[in-house]
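You will see two complexes here that share chain A, one where it goes with chain B and one where it goes with chain C.
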Partner chain A sequence: MTAQVYDAAVVGGGLVGSAIAWGLTRQGLAVALLDEGDVAFRASRGNFALVWVQGKGDGQPAYTRWTRFSAAEWPRLRDALGEATGIETELHQPGGVHLCFSDAEIEERLALLERLRQGAGNHGYEYRLIQGSELADMLPGIGPKVIGATWTPYDGHVNSLKLLHALHRAFVSAGGRYLPNARIAAATARPHDFRLGTPSGEILASRVVLAAGLGNRALAPLFGLAAPVVPNKGQVLVTERARQILPLPTTFIRQTGEGTIMLGDSKEDAGFDLSQSPDVMATIAARAVASFPWLADLNIVRAWSALRVMSADGFPIYEQSRTCPGAFVANCHSGVTLAAAHAFALAPMIAEGELDPMLAPFTAARFDVPAAA
Partner chain B sequence: MTAMTVAVVGAGPSGTRAVEVLVRAGLRPVWVEEAPATGGRIYQRPPAGTTRSPRDLYGTEGAKAEAIHAAGDRLRAASDWRPGTLAWNIRPGVLDTFRAGRHETVAFDRAILCTGAMERIVPVPGWTLPGVFTLGAAQIALKAQGVAIGSRVAFIGTGPLLWLTATQYLKAGAAVALVLDTTPLRTKARAAAGLLADPATFAKGLALVARLHLAGVRVIEGGTPVALEGTDAVEAVRVRDRRGREHRIACDAVGLGFGLKPESQLADLAGVPFRFEAIERNWVPERDRAGRTPVAGLYLAGDGAGIAGADAAELAGARAAWAVLEDAGAALDAAEIARLDRALARLPRVRAALERAFPYPSALAARTPDATIVCRCEAITAGELRAAARASHVTGGAAEVNRAKAFTRVGMGRCQGRVCGPPAAEILADALGCDVAAVGRLRGQPPVKPIPILAEAAE
Partner chain C sequence: MFRLRPEARATVRVSVDGREVALPEGASAAAAVLAAGLAAIRETPVSGAKRLPYCMMGVCFDCLAEIDGVPNRQACMVEVREGMTIRPQRGARAIETDAE
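Coming up: the complex of A and B.
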């Protein structure tokens, strides 16, 4: 088998890899997207599909900015994907709410949002506490146990299955080469010279982007990189269809375009959490019914768990290899929210061969334990 | 050993015989059944106060039904009997169940899944009209409720259940407008040699057909259903006979069914590997002849482990229980196990002949017209599935049913693909020009069937 030569090889065909790969083709690069088998339970098919800003970036203003940027670019992403593929990704960005059940929770939430506002500096960070009749008007059927909700205008949700489908289609129609079942069996890495052995032949590329989610952990060291990420189990329940009733998404409950209601234990803003209780489903259901008592009348038709890709501080990892320039790593647990940033900002940086200093806080070096004195 | 908790899911022929062996060995198994009573679908009990005799209700199988019911009645008290209980998920050592408005977990050391079968359909245009039932539903209406699905019923499909149900309707006094078997007579004749290995069953089958002919019922063998027609409900069926002539036959109800498939979702959720059984044209969970699966502590018996019929289910249920006892180091009855093994060994030949006699009409399913709904929960048409197959060529992806699910929502609704899965796979495979086994199967997700979000959960 003769080797195939590309400007860039992206390893991982989930949301992160597909967005980057599509972005690279838009920069005029010849790109191969190496996907593993089409495993139904990959994170990109198991997520909660929020485009979410509220609460993100505590202690890391660069992450708040990156997330805000992506959410703001999402309408452009929707339009570009729609134009390229005819697929409607169903973006709705009416803002989002986080429901609070106690005064302490409200206080804690407001303190968090205030820290984020201060971190945002002159970018500003709009948020509001909504209570009483205003809350009842905003969210029909809200339960009496919900005593308040924090609202930010940046948030929304999409159909993430359609997003993944659209990214694949857009990538291929832009001339990209999608290679399924292309698990990396061997790799040699030299600066700007990478050889990847796959079941469908050898791939040669001057750039390689590792976007294999949890798989990055094993792949990164082959390229002089590190990806200290761990799985974090998330659970999602889906109800039967109901009439459209929820006008905007909350952190744990959202209504899809089809009318089904998704209930999750979203860790979008919670950072690192490995707790896994067998009663997770019951907990999710209980919180959902406490939020909206009318949910008790609906049946659960489907449930699944998927593994989030979590770093120790919950923030992404973006880095170019120092020993093998041309090799990049990209890891995050918000592939939906960050899809626009990955396609429109990260991909051009990779095409240029240099990551912008705005991404400097996201190198894996931040996890290095200082040698004991 | 006495401390061992064995869970048996299902109280049909296999579950009942499994519990019987376990109880006799001194165990008190947890016995979970979705229905209110033992008997399973095949020997489903009539409502209280019914006056029809077992012979009337179950035909030639009346004695077997009575024996299974009697065993069930005896065993309820000797087990932790949980009727009306849906086992909606399985985790290592735990069943998640729903019973009388409450969620309960059932811990087990070993479990025997006797989850039975359900019907396969072909999405004949009009199949979603009111008045169209599966054959099994038509039969249960008669057995369990004492009502017919209509006063002038057309039966369409293939398999022993087609002929059996039509005969039962005839016997109950309903007008049978049509029996259309998609399998040509010559296919059945060719399989007859194999069927003769079980002369009793073969004779029963012939008697059913003869009875319908004698009653003057319109019978079409080797025919093709074209459409089920009607505005608010089914009013007529349009069919083609073997020579291609079209007929329109008035009716007010249709029984539709094309063989059975295992209800294997719990085995799937437990992580049992599946293989495609080409003759049966079903995905079946892997197990050895005694019912052991590759998952430690998990056993399968009856039609849920591959379609073999009620008699085989009784044997398999008992055998799986013996496998449980054997693996736990209990005392065994070697002669009894040998008897079961010999009886089970005779079955595959008859079963294969039956499947050859009544094959799933895969070509008919594959040719489902573009506008016809395949997945009725999500309203996905055959045309949308074909478009998804073309799209996956574009992305170069190896087309596969779970991918089609992600693209189209086929199988995402209430039935979770239990109904639409097989025809969807046939349509995809045909559109892609590959074998149906190559497009795979829809993987299971809990809950096995819809469960309410509990009001109590709000506490």
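Coming up: the complex of A and C.
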């Protein structure tokens, strides 16, 4: 089998990889997108589909800015994908709220948002506490246990499965080559010269982008990179379809364009275990019913779990290999929110061969803390 | 299109969209919908397409109906009871927010 030659090989066909791969084809590169197969963990198919800014970037203003930038570019992403594929990603960005159940929670939340506002400096960071009748008017049937909600104008949600579908379609229609079942079996890396052994044959490329989520952990060292990410399990419950009632998404409850209501946001460090557990599902349901008592009347029709791709500080990892320039790593747990930034900003940097200094805070070197003597 | 088997003892009377039908004990509400000869028991929430019971085993959700006042029930998973009222499910269910 003769080797296939590309300008770039993107490893990982989820939201992060397909957004970057599509972005690279938009830069005129010949790109192969290598997708592992059905054994992959596929966080992209289990996520909660928020385009979310509120609360992100505590201690790292660069992450707040990157997230804000992507959320602001999302309408452009929707339009470009719609034009290229005819797929409507159902972006709805009316702002978002985080529900609070106690004075202490409100105080903590406001302190967080104030830190983020100060970190944002001249970029500004708008937020507001909403209570009482204003809250009742904003969120129909909000429960009496919710004593306040913090609101930011930047947030929204999409249909993330349609987003993934649209990115794949747009990538292929722009001339990209999608390779399914292309798990990397072997790799050799030299500066700007990469050979990837896959079941579909050998792939040669002058750039390689590791966007394999949790798989990056094992792949990165082959290219002189590091991707210390670990799984964090989230479970999601989905109700039957109901007429539109929730005008805006919250951090753990949102109504989809088709009318189902998704309940989520559990967090468990459970390794690579994808099982669902009744106690966590009950906790999710109880919090949802405390938020909106009318949810108790709805049937749950689906439930699943998925693994978030988490770094130790929760921020993304973006880096070019020093020993093998041309190799890049891209890891994050917000593949939906950051899809626009990945397609419109990160991909051009990779095509150019250099990451912008704005991404310097996201190298994996920040995790290299010498052990105490 | 659907008839009861000749040996069936149809003893349970239910109402399907205003039509009285009798079914054997243990039959499902979806069977009652088919026996009543309705053209559709629901209209889908997204496109408004008409649907009748299809898989009869709890998988396809095409038999969603309002049964005794509860919307969006899978009629194939509910046994008929004397006096049961089965009504079409038109689109997504409404939500009553003043429940509490």
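In this text, the second predicted complex is superposed on the first by the 353 of 373 C-alpha atoms of A that agree within 3 Å, B and C clash if a C-alpha of one lies under 4 Å from a C-alpha of the other, contacts with A are read in each partner's own complex, and residues count from 1 in each chain.
Throughout what follows, a residue touches a chain if its C-beta (ideal position, glycine included) is under 8 Å from a C-beta of that chain, and two chains touch if they have at least 3 such contacts.
Just so you know, these numbers come straight off a predicted model, no measurement behind them.
Visitor: Using the overlay on chain A, decide if chain B and chain C clash or can fit next to each other.
Guide: Aligned through their shared chain, the two binders clash on chain A.
Visitor: Looking at the overlay, does A:A288 come into contact with chain B only (first), chain C only (second), both, or neither?
Guide: First partner only.
Visitor: Looking at A:Y178 after the superposition, I want to know if it touches chain B, chain C, both of them or none. Which is it: first, second, both, neither?
Guide: Only chain B is touched by A:Y178; chain C is not.
Visitor: Using the touch definition from the top, say if A:H165 reaches chain B (first), chain C (second), both or neither.
Guide: A:H165: touches chain B, not chain C.
Visitor: By the touch definition at the top of the document, which applies to A:R45: first (chain B), second (chain C), both, or neither?
Guide: A:R45: touches chain B, not chain C.
Visitor: In the superposed arrangement, does A:A306 touch chain B (first), chain C (second), both or neither?
Guide: neither
Visitor: Touch check for A:E240: first (chain B), second (chain C), both, or neither?
Guide: Touch partners of A:E240: chain B and chain C.
Visitor: Which partner does A:E258 contact after superposing on A: first (chain B), second (chain C), both, neither?
Guide: In the superposition, A:E258 contacts both chain B and chain C.
Visitor: One more residue to check, A:L15. First (chain B), second (chain C), both or neither?
Guide: Neither chain B nor chain C is touched by A:L15.
Visitor: Going by the contact rule stated at the top, is it chain B or chain C that touches a larger number of residues on chain A?
Guide: The partner with more contacted residues on chain A is B.
Visitor: Taking 166-174, 238-246, 256-264 or 310-318 from chain B, which overlaps chain C after aligning chain A?
Guide: 166-174
Visitor: Find the residues of chain A that appear in the contact set with chain B and again in the contact set with chain C.
Guide: Looking at chain A, the two contact sets intersect at 143, 240, 258, 293, 296-299, 301.
Visitor: Quick check on the complex: what are the chain A residues that touch chain B?
Guide: 35, 37-38, 40, 45, 143, 161, 164-165, 168-169, 172-173, 177-181, 237, 239-240, 258, 278, 282, 285-286, 288-290, 293, 295-304
Visitor: State the interface residues of chain B toward chain A in the complex, per the touch definition above.
Guide: My answer: residues 91, 94, 103, 105, 378, 391, 394-398, 400, 402-403, 405-407, 409, 412-414, 416, 443, 445-447, 450-455, 457-459.
Visitor: Show me the residue ranges of chain C that touch chain A in the complex, using the header's touch definition.
Guide: 45-46, 61, 72, 91-100
Visitor: Looking at the complex, which residues from chain A come into contact with chain C?
Guide: 140-141, 143-144, 240-243, 245, 258-259, 293-294, 296-299, 301
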